[in-house]
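Take a look at the structures listed below.
Consider the two complexes below, in which chain A is the common component and chain B and chain C are the respective partners.
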Partner chain A sequence: MPDERPRVAYLFLSPWVAGALLLTVGPMLASLYLSFTDYDLFTTPKWIGLENYRRLFTSDDRFVSSVWVTLRYVLISTPLKLAAALGVALLLNRASRAQGVYRSAFYAPSLLGTSVAVALVWRVIFDRDGVVERSFDAVGLHTGGWTTNPRLALLVIVLLAVWQFGAPMVIFLAGLKQIPPELYDASAVDGAGWWRTFRSITVPMLSPVILFNLVLETIHAFQSFTPAFIISNGRGGPSDSTLFYTLYLYQRGFTEFRMGYASAMAWLLLLVLAGLTAVVFRTARLWVFYSGQEQR
Partner chain B sequence: MRPPTIPRILWHAGCLALIGILLYPVAWLVSMSFKPAEEIISSLSLLPDRVIWSNYPEAFEGAAGVSIWTFFLNSVLVAAGCVLGNLVSCSMAAYAFAKLRFRLRGPLFAFMITTIMLPYHVMLIPQYTIFQKLGLVDSFVPLILPKFLATDAFFIFLIVQFMRGLPRDLTDAARIDGCGPIRAFRSVILPLSKPALVTTAIFTFIWTWNDFLMQLIYLNDPEKYTLPLALRLYVDQTSETSYGPMFAMSVLTLLPIVLFFVAFQRLLVEGVATSGLNG
Partner chain C sequence: MRPRISWNAVRLAIVTLTTASLILGGAAACGEEDGTVNLRFTWWGNADRAKLTEQVIDRFEQQHPGITVEGTYAEFTAYFQKLTTEVGGGGAADILQMDYRYVREYADRNALAEFTGNAAVDTSKLSDALLAGGTINGKLFALPLGQNTQGFTYDPTVWASAGLTAPALGWTWNDLVAATQRISDITSRRPYGVVDFGPIEDWFEVWLRQRAKSLYTEAGQLGYTADDVTAWWELTTRLRTSQAATEADLTVKLDGSQANDPMAKKLAASGFGYDSGMTPQTFEIFGREIALAPFPSDSDALGQYAKPSMQVCVFKRSKHPKEAAQFIDFFLNDPEAAKILALSRGMPVNSDNRAAVGQTLTGPPKVAYDYEQLVGPKLTDAPPPPPKGAGAVKTAFQRVYDDVLFDRATPREAAERLIKEAQQAIAE
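And then the complex of A and B:
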């Protein structure tokens, strides 16, 4: 017996509609327009056509490095984080009263890890005179400090991301609990070993959850900002090795006030993410298995 | 009560060892805040050779001539405003999507879900321009106002999921008793949706408390700085010798999150498990 008075429905929706128009759709179109202009926030935007995009691709080395840094970060941190999440979820998936407490403890870094405070801890631990460097020194490996070494600085941020595997882990664990125990009983009767059971039952049954976590974590990783900003003190160094895409966009837009250029970067990010999501969902048909159970 | 078996003991030991490694950096942060500067950078051990308290009074002096209480109050104001905004606007939108019928419901709902995935940066610059033209940069308005317009679509989705699970009989009964949709929302649906609303409130609080990018962009005057910005200001001004107070301040910054987590951990983790909520 749903209510048939649409006017009331739009009344309830009105804040969201206002927000969607004024703060989402409007600004999206505006930034698309700005991406074709030269705009410094204080004078009128000047139409320059595709010039911003041309400059990005042909004469901006820092843009190219920011793309590579971000791709490397996404391709390294996302699989590691998801592997850790799945591994710990498998470990925790066991009838025990302690499970809830352990699950919360593993989840805690996901709440703390996005803060400036924790990024600072990482910065000090991996600093030139930090404890990690001293420990490596003690066994004869000299790195010159991870945050100051262009080959290791990105790894510091990757480790911080992987540390927050708790959120996808909780989602994996919820997925594991949905797998009917009869399937495992049957595979035990058939004499399947652990690996066989994992490959033929756990992974296919869990594949919708894997897809969900993969998409979410990838989109997330592309937009990472705070850790790189704090650990490199806003610069993206050393030698641009932690110049994340979003950090470069911030520098262009909000320290140099080249808003048109930054808008072009923002739209490229949107297009890449949309394309990537589309590809993942397309290929998902090949590896994601939806069982006959009701899907939520 | 089953007797402990070897595999069970091993399982507990394994879990606890992993948790120990995982939470080590947090424990280290706490211990550092009680250490003198020269010991901080050099030692991995959790127990300070010499416990000192002076880092905390130094942290309370704040940064850039502004007291830590100002930063704290600013953070609380921003977070409280965002929580209130999300609760009001997201619950209203969720009620419309979950319980009311209107022609554009399908397409609008699909659009709402899509906005969850949009990278924030595509909206950032025009939003900044709007608030700049309105003279609202360097105030809390750009941080709070969007929440009153339900821009955190994720929470709409979370509450919709919850409201859809509410038994239909209840709203039907309310209507038969002569409740209009507005009263049904206020006196039936909202009270029943309390778990989803609490989850929304806590996550909004924690995310706003931790947020850095928005606050970095919109706040310029140290008097208006929130805790994350103050921490960064502190870092810029300090050398290694004053790591102690910096970490004392970090601990104070994380404390509210830890308290919320301890109090509501079950609800928070369930929220993640059932809706895929993900910071």
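And then the complex of A and C:
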């Protein structure tokens, strides 16, 4: 009964489609509508046109500072995390019997990373009188608590992000295994050193994977919420130094009841992310090499 | 070879599974068919308060076999973060402990049920001033769970060993500055003289009232100016820079929980608080005896008032407003319940219960009770419930002060920013 097959396929797809429509597309459209309204969660939304967006750009200092905090976080944490991931992947790529163990060990933090528990542990470690402060004190450096210091609090969250390099690392490792060993043999015969080999073979051959990780990790970093929420106790403090865009969005929506305003912020973030991703893909032509293609 | 699958069998399986899940889902939704009413009650507080509350719940359940009450609790900040989400999503508990500052916010947004008709509660033994705190536009939306007042908690041993006379009615802000400075100096800041009180709007309110001002006017506008906030933050900044008050590292973490209270961790010798903080285990948790004194004042006005320490409301979408009201009635008026709770949520609001409970107290609650007797005649009526947006202003007050703590803004600059933000928050 060949004519039955597509229908059955749809039938089996239906739970996913229903989920996507009800839990993703529906709420997204609702939030698009709400972004043009004054909505406090309890009463009927009131249409105010572009007012929310206008306020965002003209009279909200905290919005501006949250954008700076987020940009700083993305620009610092993403390259560091990718560098750590690539570095460890290179080390692990050498044939070794313990490779599986190491791979799991380095991957573990990624699995735990988004969890509340790890963020809580992180907070305790970097808190006033925590392990980190005591260690620094022991060698004569008085730092004070890191999470209570506006100059260091963001760094704590960056370190947490970098520590979770496992997911991109596993992807890098898979990419490294795809590079034909003949290329390395040839370069060895030609007398190329480690750096030369890395620059001329590893990086170009790995560039599609680098692009993939870069896009994914950038988006993740922009959307990061849990660590900042937990480590700053929901405040984004001290002194708004960890006020991530998403955290401010949450505060606006759920503690100040300005859901329309929060929706406008969410859509703005979506647009910016889409724009950034488009830019990365455009520039990718300049540095990403797909084997089997003519080099541009 | 193509596997032979009977599509009819697949269809049958799917229909069966779907139906089964619908039936199961339906059964789960109708869990109360057997006639018992399940109420959920949520509050903020520590484990100590939770233990007593559970005892009262048990007693209520014994006397009302058809009703079960499930209690959950959290610390203050976490509690309100969670509550807003739950109320917004429609899944909040039936019975909500409420703060005076937020009651109008929730009532105006149509999230609370009125205590009326068969959901009424006996309020004949409650004072009108306390009931007024839950009356919005003539309708009763919140009942007081207890009454408390602001105060100055201090460690009398440290005070005495520094050669200081105990703070008492009539002491001034200069006395406070001198005393806390002396303690910090003598003990080399172990403990600090006082917990930095700059970030807490509640203590600023008392200070304002001593100057015949208020947080909000009758019309719901801001009752103070940038000058007032500047003066307040200049005072606390002076204390912090002279190290009489706690360092920024400690102050920045204040969130109403004991875990982050320098007083409770013996890192400070005094601090402002509510007398309802004196629970039976306070001395054990704090590791020493704590005494209560009135606020310092430079005028005749003490500024403190009899406040509904906590209120209780019924969620608008509760399916059992009648039973919820029954439970609240029990919580407020049952003499045995009052004895169990004692002062864990402030002075009992039922006047008969208050007198009865007063006879039986020992330890920290006794300290609070005696303190209430002392300052009672000086207390004034509570201000009307603050306007919508007041919650955001309280949060902003603490957040903006962060900038003062870390020398990122002068008290004047920060105060002006606060006023701007506050006006936005209550206007929107």
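As a working rule, the second predicted complex is superposed on the first by the 284 of 296 C-alpha atoms of A that agree within 3 Å, B and C clash if a C-alpha of one lies under 4 Å from a C-alpha of the other, contacts with A are read in each partner's own complex, and residues count from 1 in each chain.
Note that a contact is a pair of C-beta atoms (placed from the backbone, for glycine too) under 8 Å apart; a residue touches a chain by one contact, two chains touch by 3 or more.
Treat the numbers as computed from the prediction; the structure is a model and nothing was measured.
Of the two partner chains placed by superposition, only chain C is touched by A:Glu256; chain B is not.
By the touch criterion stated above, A:Arg54 is placed in contact with neither chain B nor chain C.
Taking chain A as the reference, the larger set of touched residues comes from B, when chain B and chain C are compared. Contacts of A:Arg199 after superposition on the shared chain: neither chain B nor chain C is touched. Of the two partner chains, both chain B and chain C are touched by A:Val8.
In the superposed model, A:Lys46 lies in contact with neither chain B nor chain C. Of the two partner chains placed by superposition, only chain B is touched by A:Arg103; chain C is not. Overlap of the chain B and chain C contact sets on chain A: residues 1, 4, 8, 41, 233, 254, 259. Against chain B, the residues of chain A that register as touching in their complex are 1-6, 8-10, 12-13, 15-16, 18-20, 22-24, 26-28, 30-31, 34, 41, 88, 91-92, 94, 96, 98, 100, 102-112, 114-118, 120-122, 124-125, 127, 129-131, 134-135, 163-164, 167-168, 170-171, 173-174, 212, 216-217, 219-220, 222-223, 225-226, 229-230, 233, 246, 249-250, 253-254, 259, 262-263, 265-267, 269-270, 273, 277. Per the touch definition, chain C reaches chain A in the complex via residues 7, 10, 14, 77-78, 80-81, 84-85, 87-88, 105, 109-111, 248-250, 252-253, 255, 389, 391-392, 395, 399, 402-403, 405-406, 408, 417, 424-425, 428.
Against chain A, the residues of chain B that register as touching in their complex are 8, 11-12, 14-15, 18-19, 22-23, 25-26, 28-29, 32, 40-44, 88-89, 92-93, 95-97, 99-103, 105, 108, 111-112, 115, 117-130, 132, 146, 148-151, 156, 168, 171-172, 175, 180-182, 185, 206-207, 209-210, 212-213, 216-217, 228, 231-232, 235-236, 240, 243, 246-247, 250-251, 253-254, 257-258, 261, 265-266, 268-269, 272-274, 276-279.
Put simply, chain A touches chain C in their complex at residues 1, 4, 8, 11, 40-43, 59, 61, 128, 144-145, 148-150, 233-235, 237-240, 254-259.
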